[in-house]
């Protein structure tokens, strides 16, 4: 069905190459985070944990990690909540201006993050919350709502439309129907949305750099190190950041995969 | 009674609509709206003052270095999109049509992971790989090939773009390819097509929408990216995103940065519009 | 129509519940962020990279139960942008380049200082009335460290003799091996000195000289490998991507030397430029007393030694006590920096010989004009 099999091996190798390209920088950061040399060149010198110890004993870095975690949590909760409301609106209702509504929900990723950062900085300064954790949470939520909406909407489209109808016919109020039918059905996608938006927020550097002021998150610290004097700590920080976001993304994918009963193709 | 029920239904509907409208309205539209307004403001003594002047627009649009950056950014992003779309296709084809469903899921699973991890640190890691005394040149020296200077070139910027967008493009292309009706492809082979002809005559046209959408996303990401041209390309050439950061860093010139920003948004909207036309415009 | 009975009536988190969970988690995580001792006073610092790190402030923090929170900028323009973005009184201490102090003052960001609070007797005469720190006989910033900009080069690729003139940047064998620190002021100032604008000063040039300066600069473009921010300047020299960089000095090469890189800086015969850093106290800070104590600490011999050997980038000292303390604590470094009366590169001597010029904002052109030329040069 798919034609001659002679070059199938080449094609699979090509996919392998693509994966290697995509994972190469991650592997490099991980490997060099254990390298004792101050210069990131080959050949490698000896194995060391000193960069990790450096990171672990740096109070500013630790509070940055804590701050990133707090922001990610709040952003995940807010954007998933709003994302659900938006996805449900798109699924259940049709109304005039729905196109505009959906556009509003999905537009943020089309705005480059540098521009978003500048705009948020100016606007949130105006609202006098710039330089606070609230500012980062607000800005990140704007960016993450589309992701949450898309994930949840995808799951809702797999729901039998008759389900709610049956509930209403049996006397349930629409609110009850949502609470007892729709939410449970979407549960895994809600968790997946939370995991994914947490990952997005955790790694977001541009907007955070503009609006975080003194409340630095981890990506802001990374940017400062990159623009200050690159030192070997950055590989250790990078490795920790990678492991964190990768875990969140893997969790999200597993949740999406498990909740989807009818997936013939992948996510 | 009926109006009561209708009112409750209306409340139900509005309640679900409200969160998005309130949040994005206050913060997303508010921010972008203010950005536009700000582009007409003045800067006196390093503080912004509300005004309505065209001075910022005139000044920026009159500067040759702005237009240099404008065309170079457009060119670089377009080139990047083209190269990445082409490089992604064989992988997407394989994932979409050749691999078993299990392998397919695994491949996409693996591809999605890096996309959501720190692009910043990944770009820095590429510096380590591409540096004059970096990993690639080390391997080349093993093979007896003299060192190649790879950083601070547009090519390095393209590598950065690929790091940013390749996973997304491959996944989107693969999803679109795998949803083609298999029978149509079978028909192509039954009619005597080689693999290559089947691809060009059947698969690409059938997956057209997905391919275009993938390209649009890649373009949007590349066009607005600051990290690749700055850290890998050495600001050679400076792109519009670098211009924004430069202008914002110096002397409080937010209104001028806003001008550059709005220009970029305009270009992106135009590109998206044209792409959507291509996808949804012609109906067979 | 199937109704999934197994799912109904089971407690599933609603939106409200999720928010509660999020709030609880946030509440749980906050105690882990707060330090466990009695709350230290926080000092908000705005400075170049590295001035809030333990190697400089650790001793002071421990002694006075203080915690430094720092925001780092790259370049005076960036500093001004950052201050303007925050509510007034955000920053208690501001480390500023001398030429930007007047702008901080004009914009109302800093407080007046009392000279009696600071050891002016210990400061070298040349720096007592440093231009830019005073206005109408009132003090607004105190000098704490400075350094020289000239030619920074790789010692294995360029000889010290060659490096002793800015002309070295144009050498054909260095094509594609020259880097720029991405800030117009030090770069254009250096090239201005090459053009011969030593009197009245490299930053005080008339239109003809400015036009000529632009021409000279443009002629350098084919040699350039890239424009680098702070981090990029370090790594490009470290990795030998570039063999010489314009617009920097020992503040970069001194750090790299510590790591064993074969680089050095020299003040060329056409003259060098001095960058100068000073501390100011932020207006409406509320922590003026402790900020004052910190400035006094940095000007004390112990503090001066620390600031000379700052991990982020080394510097020269403006106090006699500081010189003596460094000679005692680290004679090798004092020697290297030239902070010894008999040294060839004794900065005060160089200043008196007229070989060093203070960096300042352009006098006869607007800052904008210089910035825009720089943008144009970059995109050439």
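Per-chain residue numbering starts at 1, and chain names A, B and C are given in the order in which the chains are listed.
Everything that follows uses one rule, which is that a residue touches a chain if its C-beta (ideal position, glycine included) is under 8 Å from a C-beta of that chain, and two chains touch if they have at least 3 such contacts.
Only a predicted model underlies this, so the values are computations on that prediction, with no experimental measurement involved.
*Asks:* From chain A, which chain is the farthest off, judged by mean CA positions?
*Replies:* The chain farthest from chain A, judged by C-alpha centres, is C.
*Asks:* Does A-C or B-C have more contacting C-beta pairs?
*Replies:* Per the contact counts, A-C leads.
*Asks:* What whole-Å value do you get for the distance between chain A and chain B if each is reduced to the mean of its CA atoms?
*Replies:* Once rounded, the distance between the two centres reads 16 Å.
*Asks:* Just curious, how far off is chain C from chain B if you go by their C-alpha centres, in Å?
*Replies:* 35
*Asks:* Which chain B residues touch at least two other chains?
*Replies:* Correct list: 131, 133-134, 231, 248.
*Asks:* Two or more other chains touching the same residue: where does that happen in chain C?
*Replies:* If we look for residues of chain C contacting two or more partner chains, we find 74, 229, 232, 235, 239.
*Asks:* Multi-chain contacts only, two chains or more: what residues does chain A have there?
*Replies:* 41, 81, 85, 226, 230, in rising order.
*Asks:* Quick check on the complex: what are the chain A residues that touch chain C?
*Replies:* 38-39, 41, 59-60, 63, 66-67, 69-70, 73-74, 76-78, 80-81, 84-85, 121, 125, 128, 130-131, 160, 162-163, 165-167, 179-181, 183-185, 187, 190, 194, 213-214, 224-230
*Asks:* Any idea which chain A residues touch chain B in the complex?
*Replies:* It is residues 1-4, 7-8, 11-12, 14-15, 18-19, 21-26, 28-29, 32, 40-43, 81-82, 85-86, 88-89, 92-93, 95, 101, 104-105, 107-116, 118-120, 122-124, 126, 138-139, 141-142, 145, 173-175, 196, 199-200, 203, 205-206, 219, 222-223, 226, 230, 234-235, 237-238, 241-242, 245-246, 248-250, 253, 257, 264-267 of chain A that touch chain B.
*Asks:* Per the contact definition, I'd like the list of chain C residues that touch chain B in the complex.
*Replies:* Residue positions touching the partner: 74-75, 77-78, 80-81, 84, 103, 106-107, 176, 182, 225-229, 232, 235-236, 239-241, 367-368, 371-372, 375-376, 378-379.
*Asks:* Tell me, which parts of chain C touch chain A in their complex?
*Replies:* Against chain A, chain C makes touches at 1-4, 7-10, 12-15, 18-19, 21-22, 25-26, 29-30, 32-33, 35, 44, 49-50, 52, 69-72, 74, 85-87, 90, 229-232, 234-235, 238-239, 255, 259, 312-313.
*Asks:* Touching residues of chain B toward chain C in the complex: what are they?
*Replies:* Touch residues, chain B against chain C: 45-47, 63-65, 68-69, 72, 127, 131-134, 149, 151-152, 230-231, 234-238, 243, 246, 248-252.
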